[in-house]
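Presented sequentially are two complexes of subunit A, the first with subunit B as partner and the second with subunit C.
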Partner chain A sequence: MLAAAHDSGAAVALLGGGTDLVPALRSGERVAGVVVALRRVLELRVRGAGADSLTIGAGATYTDLAGWSLSPGLARAARVVGSVQIRNTGTVGGALGSARPAGDLLTFLTAADAEVLTASPRGLDRQPLPRFLADGLAPDALVTAVRLARPGGPQVYLKIGDRQAAYPAVVSCAVLVDRVRHRLTCAIGGVGLLPARMGDAERYARDEVDWSTGTVSPTAARRFGDLVVEAAARITPALPAGPRGSAEYRWHAAGVLAGRAFARCLHVTAPPAGVPGGPAGDSAVGGQP
Partner chain B sequence: MTAVAPDGFAAGPTGTGETAGTDGEATGTDGGATGAGGGANGGDGGEAGVGGGETGADGNESYRLNVDGFLRTVNGARLGDSLLTVLRDTLGVTAVKDACEQGRCGACSVLLDGRLAASCTVLAADADGTRVVTVAGLGGAGLARAVRAMFLAEGAVQCGFCTPGFVVAVTDLLTRHPDADEEEIREALAGNICRCTGYGRILAAVRAVQAERSLLRSGDAHSSGQTQRPPDGGPDGG
Partner chain C sequence: MGGEVVSGGIGRSVPRPDGPEKASGAFRYAGDLRVPGMLHARTLRSPHPRARLGRIDAAAARRLPGVAAVVTAADVPGVATYGLIVADQPVFAATEVRYAGEPVAAVAAVDAATARRALAAIEVDYEPLRPSTDPEQVLAADAEALHPAGNLFREIDIRHGEPGVDGSVVVEDRYVVGMQDQAFLAPEAALVSPAADGGVDLRVATQWLHSDREQLAACLGIPENLVRLTLAGVGGAFGGREDVTLQIHGALLARVTGAPVRIAYDRVESFLGHPHRHPARMWFRHTATADGELVSVQANVVLDGGAYASSSPAVLANAVTHAAGPYRVSHARLRGVAVRTNNPPCGAMRGFGVPQVTIGHEAQMDRLADALGLDPVELRIRNAVRPGDVLPTGQVLGAPLPARELIQLVAARPLPPPPPAVDVTGLALPGGLPAAAEPSRVRRGVGYALAYKNLLFSEGMDDSSAARVRLDLTDDGTPRVRVHSACAEVGQGFVTIAGQIARTELGVEQVVLAPADTAVGSAGSTSASRQTWMSGGAVRGACVAVADRLLARVARAAELPAEVVEAPRRTLRIAAGQIVGVEAGLRIAIADALAEGPIEADYTFHHRRTTALDADGQGDPHVAFAGAAHRAVVDVDIDLGLVRVVSMALAQDCGTVLNPLSLRGQVEGGTAQGLGLALMEELVTVDGVVVNPTFHDYLLPTTADVPDLDFVAVTEPQPDAPYGVKGVGEAPTCTATPAIVAAIRAAVGRDLRRVPVRPQDLVDLPTRSDLPRSDLPTSPHLPTRSGVAPAGGASTA
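The block that comes next holds the complex of A and B.
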């Protein structure tokens, strides 16, 4: 039917919860001749758990995810989205469709090496999140679900920004530890046009962490944060500087959040020599499973 | 109340939940709603709906909304209209307030099948088949009555513009979470903005409702042993 709607030549808009689309239709920012409402497609609301992976239907809301014990990190990221009203309404499919630079779910899923499952008249498809974001969605396709590995260790999600209930984050950070594969992944949102992985910092962590115990030296978090600042400054294309933070501020915030998330994920061997400096009064929220 | 919709997102009393848009004067795109791309759908439950509105100047829609227990027919709304716009401008329901139209202030809060939502972020046509409850439909007794009374008693109403949204949000909170502590109350009300009171009095009103309710509950324990019935049929706790 989506294909039929598309063939009719009208501007087609997929509707999840509407938290982005409906205000945009109202303001005229978006125009749609046909709206395909997905909320009642029950299949899209399914959440499933396989032996190694978790699958989350595109129609799942943040509220649906917020209490999900199988992925405490994801649940935490969902709990710090917007307000009750937004969490009850906004969906996973909408988060992927809107692809905000510091979208909470997008940042978390970027760190989690998530895959995006899509459906179109050509059949079902799945692709890594970065490729999905780079290629964009075909006009006659929709996101049906995302798939990610079951958590293999602590996961921390932190963000910083203005009034959370009203505005998405300025900078967001996800750090995921996989104790089995001796891997730590880190994604930063709000610096580039899309969340980005911090390769150098991840490699540093791989070599620095004592994987038998999950411990790191007291200075490691600082170094990890510094590597993230360096990587953030190299991200292209960069998000244009806006009223909500200069580029330098966002790089700095990325480093602070990453260092903090890193320290929360791992055991520090001895008390740190000095308290790592963070900007006073930041509104970061986070949590550990 | 005619509303007997099952919990959550299943089809409500006004239809089978198959289309979000036109029933009568469809433009040909909504027939049967077989689902986009085949793969995702094909099940029995809900189906994707196309509001097959015309792009022309007045691509009008006709559908029904269950507002505060009454079935209302919506004629002449545009496909892209929000629930807020249709409630106020088409149906004359002024119990929802219109302030930011961006989901940021909560003045337009309603319960949709028992879930708190900002009606300016909801497509009206997509609310066909759900129970829409505004502050006016919360009922004159029980929790909603207590919330209203305490807002007045504690001076939590000044200009009053935010009040309908707050009363809906507070009723929702205390239904789900009667013993919420201060931090939980603040978090739950973060989607509602008040420019007059500074929130202290609103918080005090919520605390006062909790105090009254817990007294009531301990008093009730003898007679019926029943917990307070939520006014809206009870949102789930997920």
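The block that comes next holds the complex of A and C.
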């Protein structure tokens, strides 16, 4: 049907939850001759678990994910997206389709080495998330699902924005630990146009973590954050200057978030005094006037 | 006054009559109005902050099926420009556009999508010119005039005491305030219908029907009596509806097409369409004696008025006359300019120039306290003004203004418990639910601010308010009061208060409000904390006149002596639906007294006269003031610069309280809007272009951001106001911002000179030279697009 609509020459828009599409159609930012509503395609809403992997249908909502015990990190990322209304209607497919820099899910999926499954008249296809985001979706194709590895250890998703209530992320960070494969992955969102992996920091972690105990030294947490700041400053293409946060602040915040996420995923051997991003062992709260 | 037992009178927490509808979603806002056969209008706006305007070719747009009309500057039959104070703003740009977002043309079509397509089909030749966006440069001798009227809207120089007299302790600094938007939730909307008599009828969400009418009539080139306005449901205003926006465009299209026209903005257009709060650049120098007595204050305030005047001249007067704050000072030199730039126009917003200077003078008072080794509360108590003091304008401060008491009261409120060492939910720490904050890296700060804010229009303005009150019987013979006022209800609660006043004065429970429209005299603007005082005063005056006539009628009917008929209140009074004369042994139901016919009276309320400022900034400019003091407690994650406002306490000088519930709504709203300015609300412009005109990028505080308000009202009556009221909505907006900024300053130990405070202002940032690579861009505002990720480095692929 998608192919038929496409062949007819009409501009086709795929409607998932509509949180991006409906406002865009209303404002005239997007024009569609045909809207294909996907909500009732139940196959797209399936979530499944294999021996090593999790498959999430493109029609799964944030609310679906937020309660999913098989992927606590993803659940955590989904839980802090927008408002209840947005979480109830916004979908995984929409997050991939719109690829907004502030998209919480993209940061997590980038750290998770996710694969995107698509369907088109040419058949089924599957590609790594970065390639999918770089190439974009073919006009006659549909995202059917996203696939990622089963969690192999602690996963932390952190983001910051400009208020206490629901906010679009200014900077986001996902850290995923695989205790089995002795591997740690880290992605930063909100610095580049798309989330970026922190390769140097990941390699540093691989060598510094004591994988037999899952512990790490306090200096390692700090060094991990510093490496992320350096890597964040090199992300290209960078997000254009916007109203919220200078580039330098976003690099800095990426380092703090990464350091904290790192420390929360691993056991830090001793609490370092006054180290930014140090573990939550120091309960003293100063500054009380 | 009578009616001591009538329910729903003044002093009670009477609920809003429109409350249930607003809470349930049934209330009809201006944007909800529809009539059969109406056209949909949209406005074409300049993308350039400054450009010479060449040919506008609308032929293709007009040819589109469904397009009814396209209008441009050439189609304005009357005066080509409009404005609240000075008519310097073109209805449509004719020769030059002066800000990004300036209207160039408007279209009416059968539906909104067709209208949008028509806009895209209009060809406009712009010759971009270099915009002037730095308010400190536009007055330079070699600066180009951005408008035939020049770049200076107004300059004020207040000289008080002796020049050059200083105390031994000196603090001096510069402060910057960003551009806040009113961000009311219901965007601009009107439904305009052409009338058979050649006139036009508007149902519009506005703050001042009669000012709109005057400007509409002038631009349409028709007499004012042919322009009739009725207030449509208003979803917030905060000053943002004082200026005309879409009214004239809609009326032009309705008259050209002969059809009703719905004109309504979406959120982006709302952000571009109305004037904002003035960004300010301020310099202050405070001096004090070694024991903490303020000796002199110098201030220099630059307000960026943007491309057109709007209310800049009046905002500047407020900013400069309040620049020293509510403090006794013997010597002051307070100067200010409001200037024209190619930034978006700025005008009225809650606080009207006072929030900006309060941010400055309160930062200075804290700095002074630091320099003196004094507690900031103690320094304020020592220097707070008292009634009878001479202000820098020479005006003698009237009573009441309990400034000392306010700061003492707020300082005495209990403090909240310390921040949690472990936060399971994430909600109790800076940053909220995503739980990025680290409890061990959270620091607490407490800050104070004290301010006063003028009430009503100033500088000799006689902004009177008229009301008409009619007392009659319903079909079933029950007495009923009908109040007719043009007062714009924008959420402040006049619809509640007017009923309370009528019940109190006339002892009648049933009160109806006629729609606010231009069939009755002007009520003046719903701004400047003035409507409860001014239109409340008008309603009260009209009610008293009705009551007098009613009592005289009863006295005549009872054949009481002529002197009683002349002055019936000496022996008769109204009490709960009856007219009672104890001496005369009289007791008559109001319903019976109305049997011979209804009674109607008009009343126009004027406040006391003030005077303009002379060349030295001296005069008696303000009718009265209201004081407020806030204490803010914040927690800051010192690594991320995230701020959570933990508690807000407010003590406010409220005059007599007519409705405690309504008062609470006003002070909570004022506090929230001040919090927004402190932490997040800023329209950011880059070379004159607003880069965040959406609620995705312009964040408002929500219930998760604003703590419950610990509020203490000081209720000393204002002598010359009806019932002793004071306006209450603005003063807390002025103090909330600087109190929060002071608390953050205390938490992080940094001088903060810019508002809103951004996370990046609270942390040590990496500089590019700290980082290993050298080919990085040099300006944070010019992000790289050409940089190459090094091998092994981060990549987006």
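Observations on the model:
Basically, the second predicted complex is superposed on the first by the 269 of 289 C-alpha atoms of A that agree within 3 Å, B and C clash if a C-alpha of one lies under 4 Å from a C-alpha of the other, contacts with A are read in each partner's own complex, and residues count from 1 in each chain.
The rule we apply is simple: contacts are C-beta pairs under 8 Å (C-beta built on N, C-alpha and C of every residue); 3 or more make two chains touch, one makes a residue touch a chain.
Every value quoted in this text rests on a predicted model; they were computed, and no experiment measured them.
When subunit B and subunit C are set side by side, the one touching more residues of subunit A is C.
Applying the stated contact rule after C-alpha superposition, one finds that A:A134 touches subunit C and leaves subunit B untouched. In the superposition on chain A, A:T63 makes contact with subunit B only, while subunit C stays out of contact range. Applying the stated contact rule after C-alpha superposition, one finds that A:G199 touches subunit C and leaves subunit B untouched. By the touch criterion stated above, A:A165 is placed in contact with subunit B and with subunit C alike. Touch criterion met: A:A11 reaches subunit B, while subunit C stays clear of it. Of the two partner chains, subunit B is the only one that A:T19 touches; subunit C does not reach it. In the superposition on chain A, contact is made by A:E230 with subunit C only, not with subunit B. In the superposition on chain A, A:T144 makes contact with subunit B only, not with subunit C.
According to the touch criterion, the shared surface of subunit A, contacted by subunit B in one complex and subunit C in the other, consists of residues 26-27, 163-167.
Put simply, subunit C touches subunit A in their complex at residues 113, 116, 266, 268, 418-419, 421-422, 427, 430-436, 438-446, 636, 639-642, 644, 679-680, 682, 684, 686, 691-692, 696-699, 701-705, 746-747, 758-760, 763-768, 771-773, 776, 780-790, 792-797.
The touching residues of subunit A, counted against subunit C in their complex, run 26-28, 79-80, 130-131, 133-134, 157-168, 170, 188, 192-200, 229-249, 251-253, 255-257, 260, 276-278, 280-289.
Remark: subunit B residues 9-11, 17-18, 20-21, 28-30, 32-43, 45-55, 59, 79-82, 85, 101-106, 109, 112, 115-118, 120-123, 125-126, 129, 169, 172-173, 188, 190-193, 238 touch subunit A in the complex.
Residue ranges on subunit A touching subunit B, taken from their complex, read 1-5, 8, 10-11, 15, 17-19, 21-23, 25-27, 31-45, 63-64, 67, 82-86, 88-89, 118-121, 123-124, 140-142, 144, 163-167.
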